[in-house]
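Read through the structures below before going on.
What follows is a pair of complexes built around chain A, which joins chain B in one and chain C in the other.
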Partner chain A sequence: MASRLIRRKTLDSLGLFFVAFVMVSPVILFFLWMISLSLKYEIDNGAYPPILIPENFAWSNYLKVFEENNFLLYFWNSILVTGTATLLALVIGVPAGYGIARLKAEKSAVIIMIARMTPGLSFLIPLFLVFQWLSLIGTLWPQIIIHLVVTVPIVVWIMIGYFETTPIELEEAASIDGATPWQVFRLVALPIAKPGIVVSFILALIFSWNNFVFGIVLANRETRTLPVAVYNMLSFEQVSWGPLAAAALIVTLPVLLLTMFAQRQIVAGLTAGAVKGG
Partner chain B sequence: MASVSIDNPMTDAEQIGSKPPRLVPNYWPFVLPALLVVSAVIVFPWLFTLWMSLNSWTLGQPRTFIGFANYVRLVQDMRFWESLWHTTTYTALSVVLPLFFGTLAALVFDAKFPFRGFLRGVFVMPMMATPVAVALVWTMMFHPQLGVLNYLLSLVGIGPQEWIYNQSAVIPSLVIVETWQWTPLVMLIVLGGLAAVPREPYESAEIDGANAWQKFRYLTMPMIAPFLMIAVIIRSIDAIKSFDIIYAMTQGGPGTASETINIYLYNTAFAYYDIGYGSAMAVVFFLIIIALSFVLLMVRQRANWSDMEDR
Partner chain C sequence: MATVNIQNIQKNYGAVKVIHGIDIDISDGEFVALVGPSGCGKSTLLRMIAGLEEVSGGEIRIGPREVSHIPARDRDIAMVFQNYALYPHMTVEENMGFALKLKKADVAEIKSKVGRAAAILGLEKLLDRYPKQLSGGQRQRVAMGRAIVRDPAVFLFDEPLSNLDAKLRVQMRGEIKTMHQRIGTTTIYVTHDQVEAMTMADKIVVLHDGHIEQIGAPLDLYDRPANIFVAGFIGSPAMNFIDGRIEEGAFRTSKGLILPLPQTLPSIPGGRDLVYGIRPEHIRASTQGIEGRAILVEGTGSELFVRLDAKGEDIACLFRERLDIGFGDTVFAEIDPTKAHLFDKQTGRRI
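Here is the complex of A and B:
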C-alpha cells in the first residue's frame, strides 16, 4: 500500500518534470539558437536546413564585435550609466522608502505608480530639450539622469514594502535612548533592511541595463550604451548574422548571469513588487 | 501630491509637552531628496509636456501658442486612429496569451518535482533578457528564407510564413515575442497567489469526489482570481507602452502596419521633431493608459469572480 503510494508520487513528479521541461523548452531553444548563431560563420548561418552545431566555431565573431564596433567603449558607457543611476537611486530611494513606510504615506506611492504607467517617451521630449539647453548632450549625464526614472521608482517601491515588514519596536527603543532619526535609520533600520536593498539593487540594475528608448534619443556615437549599439549594428552597420548574434549575447549575458545567480532574490522582489503594484 | 508637501505639524517640542515618552521622529527629511528628483524628472516633464501640447513647435523653428489645435489635429489624424487600433490588438493579444500560458506555468511550478527551482530560474530568464537583444535574435528567426522558424514549420508540413515582413502577420508575430518574454511575469504573480491557497478545501473536495478540473474551477480559480486581475492590470499597462521590441524589429513597419501609438509618438517627436504635436499625443496616450487602468481597477473591485470561467 505505502510503496504503491510512493511509486505513484514519483510517477506524478516525473510527469510534472516533463510538463515543466516542455514549458521551458522555448526558452532553452531560443538561447541555444542565439549561441549557435553567434558561433557560426556566414556560410553556416545561411545554410538550409539550418545547422545547430557547426563543424567550425566562429569565435572570431566575438572578436569582430569588439574590434569593429567600439564595443569596449559602449560596454563602459553602459556600466557608467547603469552603475551611477542605480547607486544614486539607492542613495535617494532607500531613505525615501523608509520615510514613506514610517509615515504610512501610501498615497505618495501613487506618484510612483503613475511613473510606472507613464510612457517613457513622454519624459523624453521635455528632458531632451532641457539637456540641449544645458548643452549636456554629448556627455553621459542626460542618460544617467533619465535612467533615474527607471531606477528610483523600483528602489522606492521595493523598499517601502520591505520597511513595512521590519519591526518598529527597536527603532522606538533607540529613539527613546536619544538617537536622532538619522542615527536610528543608519544604525537600526538600515542593517536589517540589507536583503531588501540587495533585491532593489539587482532589479534596478537589470532594468536600467536593458533600457533602450532613452539611449536611442539621447546618445550619440560616443555615448551609446550597449542596447543602442546593438540596435545600430542591426539597422546600419552590420548585415552578417554571426557578429550580430554575438553582440546580442554580449549585451544580455551580464543580465542573464545575474538572473541565474540571484534567482531567489529576483523572484522574491518581482513577486512582492508586482503584487503590491496592483 | 498635496499630502506630500504638508510638513509634519507636530514639532518635537510640542510632542514633549503633550505626551512625554513617545517621540515621533520627523521622517520627511528622508523623503525629501527623492521628492526633489521625482519632481525634476517626472513632475516637471509632465507640466512641460502639457504646456508644449498647446504650442506649435517643430525643432529649429519659432514656437507659437495655438491652444487646442494639436488635439483637434489628432482627432482628425487617420494615422493616429490606425495606430490606436494597432495598439488595441497588440495589447489585447499581449495580455490574453501571457495570462493563459503564465497561469498554466504557475500551476505546474506550484507542484513539487525534481529540478523545480532550476527550471523556474530558466523560465524567468526571458523577462530579464535585454529586449533589444531578444528582438534581434527573433528577427533572424523570423527571416522568411533563412529563418529557423520557417524550417521548423516545414517539418510539420506548414508552408513558409512572412512573419514580421507581412502587413497582416506582423502584429501576431510581434505578440509571439512579447508573449515569450512576459509570460514569466504572469507566472510569478500567479505563483505568489497559489502560495497563499490553503490545503484543507482540496482535501474535503477530494473526499466529496471532485475531479481535477472541478477542483481548479471551483477552488483554485476563485482564490487566485485577484492575482490574475493584478496580472491583467500590469500586463495591460506594459503592453500598451511596448516600444523596444516593436521598434527594434519593425520600426512600425512594414509601412505602418505595426505602428502603435508609442511608435507613432516616437516618430512624431524624434524623427519629425514635431514637439508640439508629439506632446499632445503623449498627453492623450497617457490619458488612455489612465482610463484603461481605471476601468481595470473598477472591474477588479466589482468583478463577480465566478464569471471568470469563460476567459
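Here is the complex of A and C:
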C-alpha cells in the first residue's frame, strides 16, 4: 500500500517534470545554442553534423565584441535610457495606478492602454520631427521619453491590479489613525504594494531594455542602445555568428541577473495577516 | 471621552435610501450596541460616525463638535474592524504606535503608551512580531490595542468578533467588556449577534431596513419588545409567534388551539387579528396545558429544546430540566401567561 503510494508520487513528479521540460525546452535549447555559437570559431559554425560543444572555445568572440565596437558606450546608453525610463515610469505610474484603482477610473486606464496599443512606427516619425525641432536629436532624451510609452502603461496596469486587491480597510484604518491621504499612500499603501512594484519594475525594464524599433529610428552613432548595436554588427560584419551570439548574450545578461535578484524581493504573501484570510 | 448625538441622519446611494433619518443620543462612557440583520444599515451608520462614509443628511456630534463633514482623521475616534486591518508591514508595536507617530509624539511617550496598552491586553511578549505571525485572537487584541493607545473620544467596533471561533468569541466578548469597564470610553459596537449586544451593551439600538425599531436597555428589549421584529430578533432561541384572535376571553387560533392570556390586558375588540408571542424559555413541561407531539428534540445537557406540533402550530419550548422526551412523544406544555405578549397583526406593535 505504502510502496504503491510512493510509486504514484514518483510517477506524478516525473510527469510534472516532463511537462515542465517540454514547455521550457525551446527557451533552453535556444539559449544553449546561443552559448554554443558564441564559443565556436567560424569554421565550426558551418560544420556538419552540427557541433554543440566545440573542441576549442573561441573566447575571442567576446573580446571582439568589445574591441570592434564602441560596445561600452552603447551599454552605458542602454543603462541610461532604460534606467531613466523605468524609474520615471515608477514615479509616474505607481501613484497613477493608485489613483485609478481608488477612484475606480478605469476609463483613464484604457486611454493609457491605447497609447501602448498604437504601433510605434505610426507616431515615431512625427515625434522624430518634434524632437528635431526641440534640438534633442543627438541626446538620449528622445529615446528616454519614447520608452515611457512602453514602460508607463505596464507599471500603471500592474499597479491598478495590485492596489485593487489590497484591502481598503487598511487605508481606512490609517485615515482614522490620523493619516492624511498622502500619508495613507506613502506609509500604508506603498509599502504593501512592494511586490507589485517589483514585478512592474522588472517587466518595464525588460521591455525597455530589449526595445529595438525606437532606437533604430531615433538613435545615431553616439546614442545607440544595445539592441541596435547588435543589429549593426549583423549588417557591417557580414554575418559573423560567433561575435553576434556573444553580443546578444552580453545584452541579455544584465536583465537576467537583475530579474533573478529582484525576484527575491517579491515576498509571497506579504499582506498575510493584515486581514482575515488575507 | 465624549457624548455622541446623532440627529436625523440619512444615507442615500443615488436614489436608494438606506438610512431614513435616525436619532440616537449616547451619553458619555456609555456602551451602545447597534444590532440588526445584515443589510439593516448598522455598518453604514457606524462608518458615517467614523467619517468613512459621506453623510447625506442630518448631523453627527461628538462632544460639542459637529463632525458630519470633517475628515475621519480629525474626529478623534478609534475603530476596530471586522477583519482587524492591521498594517502587515509593521510590527505589533509599530501598529499600535502608528497613530501617535502620525501625531509626532516623542518616542518615549509612544513606547510608554504602547507598553501600557499591551499590558492591558496581555500583548507584551508579542510587540516585535508581525501580524502574520499572530493567531486570530491575538490580531483582534492588537487591533483593540491600536484603539486604546489613541485614547480617543469614542471607540467604534465593526463586528469585531465575527471572524473568531465560538469559544474565542465568548472570551473576547468578556475582554472587550472588561476593557470598557476599566477605561470607560464611550463605545459604539456594531454586531448582528444579539447575544453579543445583550451581554455587553448598556443600551441597544435595534435597526431594520434603515429604521430604528427600538432603543433600550438589553433587559427592556427582552421584557418589553416594542414590536414583532424586536421580539423575534432579541432572545435565543427566538420567540414563538402564533396568529389568532381573542374570543370568549381566550386567545384562539384558527385551528382551535387555546392559549392563556396575561391578566393585565387592555380591552381589545374581538375579531381583531393578533399575534401571540411567547418565548421558548417561558414554557414549562407539565401535566396540563397545551398538548403537543414532539417533532424535534435537542438536548445540550444544561437544557432541552423541544419543538411541539400542537394542533398544527409549531411551538418551540426550552426546558431547564432533564426530561425523557423522544421523537413523537406527547408532551404537555404550560405557558406562563404573565410572560406572554400580544401584537397587532397589522402594525406589528405590541399591545
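Heads up, the rule we're going with is that the second predicted complex is superposed on the first by the 233 of 278 C-alpha atoms of A that agree within 3 Å, B and C clash if a C-alpha of one lies under 4 Å from a C-alpha of the other, contacts with A are read in each partner's own complex, and residues count from 1 in each chain.
Definition applied: a contact is a pair of C-beta atoms (placed from the backbone, for glycine too) under 8 Å apart; a residue touches a chain by one contact, two chains touch by 3 or more.
In this text, all values refer to a predicted model and were calculated from it rather than measured experimentally.
When both complexes are overlaid on chain A, the residue A:Val19 reaches chain B alone and has no touch with chain C. In the superposition on chain A, contact is made by A:Pro167 with chain C only, not with chain B.
Legend: residue contacts after superposition of the two complexes on their common chain; A:Ile146 is shown touching chain B, with no touch to chain C. Annotation for chain A, partner touching more residues between chain B and chain C: B. With both structures placed on the common chain, the touch criterion links A:Glu55 to neither chain B nor chain C. Residue contacts after overlaying the shared chain place A:Val188 against chain C, while chain B stays out of touching range.
When both complexes are overlaid on chain A, the residue A:Ile176 reaches chain B and chain C alike. Residues 172, 175-176, 180, 270-271, 274-275, 277-278 of chain A are contacted both by chain B in one complex and by chain C in the other.
Within the complex formed with chain A, the chain B residues making contact are 1, 3-4, 21-23, 25-31, 33-35, 37-38, 41-46, 48-49, 52, 101, 104-105, 108-109, 111-117, 119-126, 128-134, 136-137, 139-141, 145-146, 148, 151, 180, 185, 188-189, 191-192, 226-227, 229-231, 233-234, 237, 241, 243-244, 247-248, 262, 265-266, 269-270, 275, 278-279, 282-283, 285-286, 289-290, 293, 300. Interface residues of chain A facing chain B in the complex, by the touch rule stated above, are 13-14, 16-17, 19-21, 23-24, 26-28, 30-31, 33-34, 37, 45-46, 48-50, 91-93, 95-96, 98-100, 102-103, 105, 107-108, 111, 114-129, 145-146, 148-149, 152, 156, 172, 175-176, 180-182, 184-185, 206, 209-210, 212-213, 216-217, 226-228, 230-231, 234, 241, 244-245, 247-249, 251-252, 255-256, 258-260, 263, 266-267, 270-271, 274-275, 277-278. Considering their complex, residues 167, 169-170, 172-180, 183, 187-188, 191-192, 194, 269-278 of chain A touch chain C.
Note for the complex: chain C touches chain A at residues 50-52, 71-73, 75, 77-79, 81-89, 98-99, 102-103, 130-134, 136, 139, 146, 150, 163.
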